[in-house]
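So that you can tell them apart, the chains are marked A, B, C and D in the order they are listed, and the count of residues begins at 1 in each.
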Amino acid sequence: MDFGFSPEQEKFRQEIHEFLENDADAKGAKEEWAAGNGYGPHTWVIMKKLGARGWLTPAWPKEYGGLGLPAMYRALAMEEMDYFTGRGSRGVLCGIGMTGTVLLGHGSEEQKREYLLRISRGEIDFALGYTEPEAGSDLANLSIKAEDKGDYFLVNGQKMFNTACHYAQYHWLGARTQVVEPKYKGISLFIVDLKTPGITIIPIQALGFKTNQIFYDNVKVPKNCLVGELNRGFYYIMEALDHERTYTTSRLNGELEKLIQYAKTSGKSKDPIIRQKLAQLSTEMEIAKLFALRIPWMLDRGMRPTPEAAILKVFYAELQQRVINTAQQILSPYGQLKKDSKWAQLDGEFELEYTASLEGIITRGTCEVMRNIIALRKLGLPAR
Amino acid sequence: MDFGFSPEQEKFRQEIHEFLENDADAKGAKEEWAAGNGYGPHTWVIMKKLGARGWLTPAWPKEYGGLGLPAMYRALAMEEMDYFTGRGSRGVLCGIGMTGTVLLGHGSEEQKREYLLRISRGEIDFALGYTEPEAGSDLANLSIKAEDKGDYFLVNGQKMFNTACHYAQYHWLGARTQVVEPKYKGISLFIVDLKTPGITIIPIQALGFKTNQIFYDNVKVPKNCLVGELNRGFYYIMEALDHERTYTTSRLNGELEKLIQYAKTSGKSKDPIIRQKLAQLSTEMEIAKLFALRIPWMLDRGMRPTPEAAILKVFYAELQQRVINTAQQILSPYGQLKKDSKWAQLDGEFELEYTASLEGIITRGTCEVMRNIIALRKLGLPAR
Amino acid sequence: MDFSFNEEQEMLRKSARQFLEDECPKKFVRDMEEDEKGYSPELWKRMAELGWMGLLLPEEYGGLGGNFLDLTALLEEMGRALLPGPFLPTTVYSSLPILHYGTEEQKREFLPKIAEGKLIMTLAITEPSGRFDEAGIETKAIRSNNDYLITGTKLLVPDAHIADWFLCAAKEGEGITLFLIDAKTPGINCTLLKTLAADKQCEVILDNAKVPARNILGKSGAGWEIASKIEQWGAIAQCALISGCLQQVLEMTVDYTKERMQFGKLIGSFQAIQHQCADMAIDVDAVKFITYEAAWKLSQKLPATIEVSRAKAWTSDASRRVCLTGHRIHGGLGLTEDHDMQLYFRRAKAMELAFGDGDFHREIVAKELGL
Amino acid sequence: MDFSFNEEQEMLRKSARQFLEDECPKKFVRDMEEDEKGYSPELWKRMAELGWMGLLLPEEYGGLGGNFLDLTALLEEMGRALLPGPFLPTTVYSSLPILHYGTEEQKREFLPKIAEGKLIMTLAITEPSGRFDEAGIETKAIRSNNDYLITGTKLLVPDAHIADWFLCAAKEGEGITLFLIDAKTPGINCTLLKTLAADKQCEVILDNAKVPARNILGKSGAGWEIASKIEQWGAIAQCALISGCLQQVLEMTVDYTKERMQFGKLIGSFQAIQHQCADMAIDVDAVKFITYEAAWKLSQKLPATIEVSRAKAWTSDASRRVCLTGHRIHGGLGLTEDHDMQLYFRRAKAMELAFGDGDFHREIVAKELGL
């Protein structure tokens, strides 16, 4: 066992840390994300700067813009980026985490050349296109239709909560290519240029972040935009979701550190009840860190961390709720004041987080679905 | 609304209270129950004394030994008895709560005359005969067989956890009289004299209490021992279970009061964390009290409190765990010392309760089954 | 023992529900979040016509002579509807203390106007310390002939920006004195704060605001006794609001589980969802009973310190649990601004914090237990 | 980062599991609950032969030169098997402090004998105050020429009734001094207490027990530093035991859900049971990682105060949750004395309390965080 990082790993982390701390665009990007709108001009600049150094995709092969390093380096890079880019950039971006992962494993050589280098350089991003009004937790139920018309696929239907649609260039679309039981056997993945005629994007304002509804009306998608094999999309999605559920804990830990600091300076740290709560959160945060680092450790050993990613997701999301609630208590009654209000404490961060954090217990698999995965995949309980 | 008792109710309660406080057999009975063995000689004496006053069954009609009073009086009587008889006499006894309730509603006039008066006078008790090795939460799955042989029923099979078998005179037996789907439609109820040939009782020592396994080997049960209609037993059981889940809170409240007193005298009450925990428990105890009193209040209005009894059961059983755990913490490290050990605190009560209380979350319907009932019967959620 | 409202209370509840469904739909609630005033004078007038402002006031002051249980029935409906505006500040936080501690002259001056809906009042106690106890008060009142000069900062004062008068706590020597202060008094400056619930809480700065000595409520230096009583009334009023709010969250969530299909089934048929709903139902029943018990004690004019604090402690925590579970079950949909769930979630936090959260009230319970 | 035991540790674990499955079946555990000694000298000897008593001792004292991670692997297996007897008191609580703070003479006198399984020792710190801190020590040591006279009462001393020597904390002036005391010293009286776990905890009364000054461990008056260190070692050792114990509860429970039918289905197919099992699994993984991290720090001789207290705080609480869920799922069967579940439940409580419960260690974490 070893609960430390190697000197090379520490150096790698430190380089990113120093870069982000000193770069003006990193600060600009942080503000853009904090507003809940996703990428703005500064974010695009910083992504390109990070991409140029290989830091967006350190674990990818060098030929596709990566550094050919173990997954643990990717985790370290993500930790640093999350700490600085703040809320919104939770975990991975669709382009890197989903598209990249699936293309590396199942994309055509043409697709890899077309997209991977641009992703790794931070030039493009993808909007995750899975959720539909009737397909939330039950992803296999998605119904947006992609019909094979010989020369192209004709896509019709709608998607909900496709968050990056208003700034990404591409849609990472899961669509039904066959009506079949079980339903998950009729789903395929496509890369769709969001400027394709027939696509309409309707913004949705959610608590603390902006997302979108997207409508496909007779959209023609070229044949070469199909990713991997027809009707194998659900398998690819599941495989890559283990990556999308790879949380880093640095951001939440940063919030806890701010809170501990606030408790000290405000004198609230003298309250034995608050001491207990903060000590407990600090303990849970340590556990979350270890759960998070287990994922790359397993990936580097060729193991597939499906239930472990589910454990991380549940633990992290529920810990986040406890952190926010303890923050509200410590800041009470100021915790309800918004960022730009007089008397707001800690820049109103925990007022924003109080609602924005709810997303964590729901998206990327609800905590309930995660517990099912742990029971079935880790413990081998009977499905029915 | 009214959260007080009427002067008549207070007087009724006070009479029982004073009687139990001053009666020597009440103290003896308390010790017998505390040992986890159920009825002993003192218990039989005190039951008869209580029965002679109508206090065992105040809500029964006068002709069957009751006082013809509302169910709220029964609750008050139970509260007083539980407070004094201590652990073991939780809620109701099978004879009063199950047998009595079912006989009053569905028994033959002969059965009512034969058993109700003796129950109400505290002369006899019944052992609850529902659970089997393969029929715990899933009571409908019980398989002990009662075959109609013309003159009698021939009973073969076994029961588990039939706690009162070693001191009760009768077995309140749920047995399969028809093999049918759904299974619950083939169950009938019988009153069986435990001295009938072919019955073997094997004691089982469980955590903090003594219980039994009971075997039926070609036991002949007379026809007139069938209660109500053939194959309607499950309906009767369910109806009466609302009564058996009628907890009183006085005993647990008594424990909490002891604990609060201990915290005061030991100085632990200065600890803000312990103050919070005790205040929370006291709040939850108040809620449990109100949940408990809601049941007789509903019964007196002709309402059937099925989900409300389930709410009480879940809340009470889980509160009991919290009380015991807080007790362990306050008594720490002495909480692990047994009654008859040097340095034991509060007579070792919470050491015993630490294990004995587990029974509360399991028997008379697990908390999981109770939550199902709340969801289906109170909220109307779909069964499948 | 009786766990039900009486017939009059049921009628009040029923008519309030109907009225608020018509007059306070969620569109109105959303509009008021954006609106600077945060209430509708028109609706305020109609509520006054229904007698709501004077519900707890004796008939001689234009009221209906109701008690705390009547109020509870009404507040549950207001909580259910998320009614915005200065109802509690004007009535429970202001008219009740005037009724119980005011001089006959003060009563005649304020109470009939309040009952008629012609006067909006609010309570200015909390200060930057954020504490709910006497030691949190640093605003100073200095006697100058027949007047007092009051200086200090009051925070999170509800609806101060539209209030005609304030009931304000200030330190006079070692004691606390309560003053009735005309909002138009020179030296008073009011700033609207921006809050999670988009309710209208304000900072009120008093800079040598001159208040006549006859505007003292109760006795000079003995104001904290009144303030404690107001905090009790305020706490139980918040409990009643939360109770109505959570009942609606439960119903809304249960309804959703009966409509929403996933994995080919109604989500309400999944045991995990069923058990979450069951826990919500237990919490909601507990909130009601513990709130009703305290309200009943107050309606009987019995001491209710421990009951009120038990109610606020439990209700504050249950509120968070129930709303969070509501969001869990509603999934992504509940997070959108168009959905009502998030309105309840945000409001619930404000109610949880008002007049002390769970830990604060548990400490009071502990004291009352003699710990 | 590496989350796995190394090969040697895996071998140690594997052989320990096999050995304990053979030598410490549940029948033995039950017998030892009834047995007055509470351990088997025969088994003790065999464990010594395997090198377990000297696992952490250098080779020069007859040990294997292992570290805290090696010990963790072994303790997890002991926890899984619920091995009764004085292993921790003799090794972690006694041989380690002698190794780290003893004189060369003391080391040569005690360590080889311990490694050979010829000496049983235990730690006598706790007193009637029940506290784990320096202020809890009231036992007095009074110097008399070359000896000390020690008087006081030690409580919950594990296995004192079979110990050959005690490591005992006493107050000398304002400081605390640790003494190595021969159990046969006149004036020592040992009474077995009756406990929930039926482990062998004792009251030890010292009445002017005469101890030579050369039997001081470390420096006179500076014993609390050592005691703190022992409490750290003890706490993390308890975590490792709990970890093994909970792993077994999880496995046993999951197995049961795959066998037990109710309502025509395996109970493991019910979502409520699945989610309870999932929560147990999360708890168990967390217990392991947080324990391993602290043990790793100790094995690297890095400061580990916060890590140990985090581990004991989390593990103590998780232990209760996991065992309670185990009982919930096992239903009535788990409550019978014939079933193993209750053995784990009872033992877990003793481990939870040993060297401080969750609240105690959270306060240490808070201090370490600079709060």
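Convention: contacts are C-beta pairs under 8 Å (C-beta built on N, C-alpha and C of every residue); 3 or more make two chains touch, one makes a residue touch a chain.
Everything quoted here is computed from the prediction, not taken from an experiment.
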Message = If I rank A-D and A-C by number of C-beta contact pairs, which comes first?
response = A-D
Query = With chain centres set to the mean of the C-alpha atoms, which chain is at the far end from chain B?
reply = A
Key: Separation of mean Cα positions, chain B and chain A [Å, integer]   = 52
Ask   = What is the distance in Å between the mean C-alpha positions of chain B and chain C?
value = 42
Key: Chain centre separation (chain A, chain C; CA means) in Å   = 40
Message = Could you pull out the residues of chain C that touch at least 2 other chains?
response = 270-273, 275, 359
Remark   = Within chain B, the set of residues that touch 2 or more other chains is 272-273, 276, 368, 371
Remark   = Listed in rising order, the residues of chain C that touch chain D in the complex are 270-272, 275
Remark   = Note: in the complex, chain A contacts chain D through residues 1-5, 72, 260, 263-264, 269, 272, 274-276, 278-280, 282-284, 286-287, 290-291, 293-294, 296-297, 307, 311, 314-315, 368, 370-372, 374-376, 378-384
Contact set on chain B toward chain D in their complex = 131, 134, 136-138, 141, 160-161, 204-207, 273, 321, 325, 328-329, 332-338, 340-344, 351, 354-355, 358-359, 361-363, 366-368, 371
Key: chain D residues within the chain A interface of the complex   = 1-6, 69, 254, 257-258, 265-266, 268-269, 271, 273-275, 277-279, 281-282, 285-286, 289-290, 292-293, 296-297, 307, 310, 313-314, 359, 362-366, 369-371
Request  = Note which residues of chain D are touching chain B in the complex, please.
outcome  = 126, 128, 130, 155-156, 191, 193-197, 201, 203, 261-264, 270, 272-273, 320, 324, 327-328, 331-332, 334-338, 342, 345-346, 349-350, 353-354, 357, 359
